[in-house]
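Presented sequentially are two complexes of subunit A, the first with subunit B as partner and the second with subunit C.
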Partner chain A sequence: MKKELYVRQICLFFIAFLPVTKIFIMPSIISQVANEDLWISVLINVILDLFVLVAILNTCRKTNKTYIQLLEDVFGKTIAKIIMFLYVLYFLLKCFISINEQKTYVQLTLYETMPSVFYFLPFFIVCIFLCNKKMNVLGRLADVSWLLTTVGFVLLLSLSFSNVQFTKLLPVGANGGLNILHGYYRANTWFGDCVYLLFFMGKFNTDKKNNVKIILSYLGACLLVVIFAIFFFCIFTSIAGRQRFALTDISKYTTVINNVGRFDYIGIFCILFSTVVSVILPPFFACYLLRKIFNSKNTWVVSSIVTGIIFIVVILLTQYYSSIENFIFNYCNTYFILMAFVLPILTPLLLKKGEKYELKEN
Partner chain B sequence: MNLKKTKFIMICCVFITLLFFSNDFGIINIEKTAIVTALAIDIEKEDYVVSAQIAVPEATDTNSENQKALITGKDKTIAGAIRNIGNLSGWYPKLAFCNLMIFGKEVANENIMKVLDYFATTLRIQDSAVVVLAEDKAREILETASPLDNISSFALQKILLKETGFDRDVSTTDVRAFCAGYYSKNSSSVMPIIKLLTETSKGQEKGNSSSSSNSSNTGQNGGSSGGNGATSSNKGDTLYDATTTALFLGGKKVGELNTTQTNAFNFIMTDSKESTIKINGVGRDKINYLLNIKRSNPKRVLTIENGRLNLEFSLDLFCKIVDKTSMESNQNVEVLPLPLLVKEMAEESIKNSIIDLIEIEKSTGCDFLKIKDTLYQNFYDFYPTFKDNYLELLDYTVKVNVSGQK
Partner chain C sequence: MKLEFSLKQNLNAIKEKLTSTDIVFLELKRGINSCLIFVRDLVDKEMLGELVLRPLEHAKKDISANQLNDLFLSPEKKEIYSVSDVIEEVLLGNAVLICNNMNFGFSFGLIKFEKRAITEPPTSAVIKGPREGFVESLPVNISMMRRRIKSSQLQIENFTVGKYSKTTLAVCYVKGIADNNLVKKVKKKINEIDIDAVLDSSYISKFIGEHKTSIYKQVGNTEKPDILTAKIMEGRVAIFVDGSPIALTVPYLLIEDFQSPSDYYNSSYSSTLARAIRLISVFISILLPAFFVTAELFHLQLIPLSFLLTIVNSIKGIPLSPSFEMFFTLLIFEILNEASVRMPKYVGMVVSIVGGLVLGETAVTAGIISAPTLMIVALSGICLYTVPELEQTFSLIRFIFLIIGGSIGGYGLIIALVGMLIYTVSFESFCTPIFAPFSPLITKDLKDGLYKGFLIEQTNRPYSIKTKNRVRLNIKKRKEK
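Moving on, here comes the complex of A and B:
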């Protein structure tokens, strides 16, 4: 039976959309507490997400059911809907920081003189449009975006390489375990990407070989994030915690940029294109779950409502951004860990004994 | 119908996305936008005076027009002064292309970070902009013009951001590097000092350099190239010397490195390939040599022994003779072996300069050699013990090896 997504698209999904949201303010937020050990905090997140990925892929190998079907089978429809609703809430909270950093980036760096709400309005139109689509649109976007992400990263990292002082990472672990863990905790809003795979369950064919491919592509994407974090700190060192928009800054110190001009914006625009889709992923999955919860056929209404809620929070509460950001970093991350790590890693337990060896359809 | 609707929506989305990325929503009237190429910051009676050099195409036609492209704003804060530039002129000062910031000498007498921090945190200006210190008023530098560039900031940038093949005689730093130094463990940063070389001072400079070259065997007159012009400073007769370096500790200027010391500083902190060394008055015939560095390998090793810090600087240079003032053979100078005496004089001269640097670091407390950083990175366990008195407990050895064609 033909599935909605190809394994290739799952692999490219990670490469295209996983690294791009983690290069705006995340490195500076972590380095405020972990300093030169920022890469360790990132690595902890990567490893924990890897466990989630392995757990989900392992479950996928043993069943053709979707995550929602598994929840309904085990807990019944009501509890399944409650869990789905918790995920809707998770996605709505998760997208706040990412959308805001994208908005601030666009307004302050691309439109420096008169940042206005209007400039970012097109994003919400694109958001409604994408959230209205089926899951396979993500696969198609991944097919295109992975190249843009890769080109963007290669360009930015190669331009910034000459300014990287790797010795600045020393001494390793000097900031103490507590600060490193604090860094890991603060970064949770940007990580937990493997949770998307929960909702891809049953929508792609997989086996052991394909699982390895997916894991390798995930690790490849994470490698870009870790390298970016290392480059970021080694370039900005003691002022890393103040560099909110690492994406724009990391490559511009090289002599060639001074002489030729900001051609690194080619790479930045490539990454920004992928980021638009990546930032829309949480609302996309929130819409998908809401449609399942309410059995709604009217996709436009659901996507408009979800985007509308995000629009209100992001645009109308701009003046309270700092307070909301603090609230998310200090209080919501525990919830994020529960939804993006604890629940997904328990997925194999949802399989019933007989079901574990159910033959899969081709 | 549905297909048409979807296509229409898709086209709209693509169009909007294009606008979103291409800045077409930007509503600043380009005719009212002043592209600021450099800023000069001075302090006058507790007010910050910011002068912006603006690149207006017409202004580059003649030197006298060049002066008119300078607009000054004054206020109690830097941001206020920049805002006043716009308010007074009606032109929006766009700082995204500002690649140079010049600070007046009064700014360096206070904590310079009071000024620089604004530029480091605002997104209006690139923190890759080069920062320099003026010998006197910063504005004076922007008012000048060089024989080849009517806009002084462009001329200065050519000196500060040299292409490969030029001498590494300037300790160039930008906003990010300066701030990173200030907020680092040692709170130390460096910044080139810009000296104006007009017709009169050029004459003096030549005199000075010839006399100094007799006493000191290495040294360079970087940042200047020939040119005859009119007498006033804005008629294109000014050249700039950026070969001296100001040392900052906690944002305040605490010392200076002269040309020779700046060279030595660049030798040990960066790759000085393609830079040159002058060795003058060699032997009985007083032959002068110009050596070109083909390979540079600076190293420093910090160790701790018996409660003291030992710093070993080693510099390995492979040089070729570019020119010499004797004609004893008709061979190409580049294939000539490096005479032993020249090698020894070069080694001695560079070694003395490096020793000078360490002594300056000890006397000023400005850790421009990044010894404290090295201590933190390599001996973290000992860092609390040495962090406050590392300069007093510092012993050092300097090894310089100059090799050449054999």
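Moving on, here comes the complex of A and C:
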């Protein structure tokens, strides 16, 4: 049976959309606590997400059912809907940070003079538009966006390479395990992308060989994040903690830029392109789940409502931004770990229970 | 109503319906009592005399129906039994003979009208390769196809569309290559068309398209039989419309319009280069005006210092804002473009002199627009014509990007590009994504997409299009030889 997504698209999905959201303010936030060991904090997140990925891929290999079908099989429709609703909440909270990050980047860094909030409004139109589409559109977007992400990273990293002093990372682990763990905890909001795979379940055919491909592509995407984090700290060192949105500044000290102009903006624009889609992913999945919960076929209404909620929180409650951000960082991280790590890692158990359930029925 | 044995009664019934003065009722009293009915300017009178009237001279009054049938040697002859069939045949341009004491008539396919000679189509001129182009006559167009595919698998099915125009449509495909579901879907869509008159194939393309408000084409088209043959052999279905020199093909892929006929007749290297130039040109034409305005207004650091100084000097004293200046110049370009297409050819020269020299030069000298803006608009305009089939679509997109880039800047431009990409990748023509083979990425099809591979490498038909027979080049057989 023809599936909505190809394995290749899942691989490219990780490369295109995983690294881009993790290079705006995340490196500076981790470096505030983990300093030169920020890359270890990133690595912990990567490894923990890898467990999630392996768990989900193993489940995918054994069943053709979607995650929602598995939940319904094991817990019944009502509990499945409650879990789905918890995921909707998770996605809405998750997107708040990344969308705000985008908005602040556009307002503070991208333009030479500070633009009004009007400049960011078209984002919400595209958000409604994408949330209205089917899952296969994400795969098709990944088919194009991976190239832009790769070009962006390669351009920025190669331009900034001459300013990197790798010795700044030494000695490794000097910051202490506690600070590194604290760094991991703070970065947790930006990670947890493997949870998307949960909702791709049953929409692509996979086997052992394909699973290896997906894992490798995930590791490749994470490698870009780790390298960026290393470059970031080695360039900005003492001011790394305050250097938010390093994306724009990381390669501007190269002598080539002085002669030719800020052609690093080509890379920045390429990354921004993929970031726009990447930032819309949580609302996309929130809409997908809401449609499933309410059995709604009117996609425009659901996507408009979800985008409307995000719009109200991001634009109209701007003055309360720091309070909301603090709330998410201090109180929601545990919830994030539960939704993005604990529940997905238990997916293989669902499968076993589901199979037993089916046997009983037979 | 069925034809009666009485000629008079039949004629009265037919004359009641066919009242136009160009319809000839030629009543023949010598020999058998009969009447020949035809449209004056549609029938080949020489052949009518030779194949119908001369044999009729020898017919005796008491000739039987079978004997009469044997008299006519016309290759396109058929018997008709109702008044409505007589009317339909006459209006199609055939000559109809009805005789006294016979309750049926004969229709002779003797249609002849003035038609354009086969010439090279102006929209797809080539340096190397066939120069034939389709004409407005359906039989001529089909004959050009038949000459190229001499296979019993080539299927041509006729349809009549248009309540008044009764336009003949021909659906053409190769059985065993084209997907059955696709053929069924095309036929179903054609049967659903309910319109007064079909004047051109573009009418049909609007009806069979699935998205009524799309900015992209949903149906491919070509004026060249060699291109159409290639498309049919890839598994597409073609539609000919009588009276139109443009054949339609489905499913449509966006990349089709980036493929020039000459790509297939020149070396792969030069074709790859030409294709790359076309792709780059389209990006330049769509994005350059918007990008320049964005850089000038919001992101000055994007422009190298020395170039920035040149721009600053050239825009000094220009009363219009950069975005309005670009918009205004593009608008003038579009006006000149539209005028040059509509104007008679001998006035076209005046338009180019007035547009290019007087308007452009004077506007820059008078300080209304700057030289870089003029140059960018000119470059963008020229680049757009590297893919003439998509000129209208990309011209519209260029304006949209310019407005967004000029009002929101770089981020707006990125958002617009993302929106454009989402729209493009989710767009399908007859269940085939139009952005294939780029999205969904089909690497095997890239050899005739992003670059032009060698002909002997293209062993399979494109994977972007559903087909029943994937193999088109038997590489084993070739090696054995």
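Here is the rule we use: the second predicted complex is superposed on the first by the 350 of 362 C-alpha atoms of A that agree within 3 Å, B and C clash if a C-alpha of one lies under 4 Å from a C-alpha of the other, contacts with A are read in each partner's own complex, and residues count from 1 in each chain.
Please note the rule applied: a contact is a pair of C-beta atoms (placed from the backbone, for glycine too) under 8 Å apart; a residue touches a chain by one contact, two chains touch by 3 or more.
Nothing here was measured: the structure is a model prediction, and the numbers come from that model.
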Touching partner for A:276 - first (subunit B), second (subunit C), both, neither: both
Touching partner for A:129 - first (subunit B), second (subunit C), both, neither: both
First, second, both or neither for A:236, with subunit B first and subunit C second: first
Which superposed partner A:137 touches (first subunit B, second subunit C, both, neither): second
Which superposed partner A:265 touches (first subunit B, second subunit C, both, neither): second
First (subunit B), second (subunit C), both or neither touched by A:9: second
Residues of subunit A that lie at the interface with subunit B and also at the interface with subunit C: 106, 110-112, 118-119, 122-123, 125-126, 129, 259, 269, 272-273, 276
Residues on subunit B engaged by subunit A in the complex (per definition of touch): 9-10, 12-13, 16-17, 19-21, 23, 25-28, 92, 94, 96, 99, 120-121, 123-124, 126-128, 157, 161, 163, 174, 176, 179-181, 183-185, 376-378, 380
Parts of subunit A lying in touch with subunit B, wherever the complex brings them together: 106, 108-114, 118-119, 122-123, 125-126, 129, 167-168, 170-171, 174, 235-239, 242, 245, 249, 252-253, 255, 257-259, 269, 272-273, 276
In the complex with subunit C, residue positions of subunit A that touch it: 6, 8-9, 12, 106, 110-112, 115, 118-120, 122-123, 125-126, 129-130, 133-134, 137, 139-141, 143-144, 259-263, 265, 269, 272-273, 276-277
Subunit A contact footprint on subunit C (complex, rising order): 298-305, 307, 404, 408-412, 414-419, 421-423, 425-426, 433, 435, 438-441
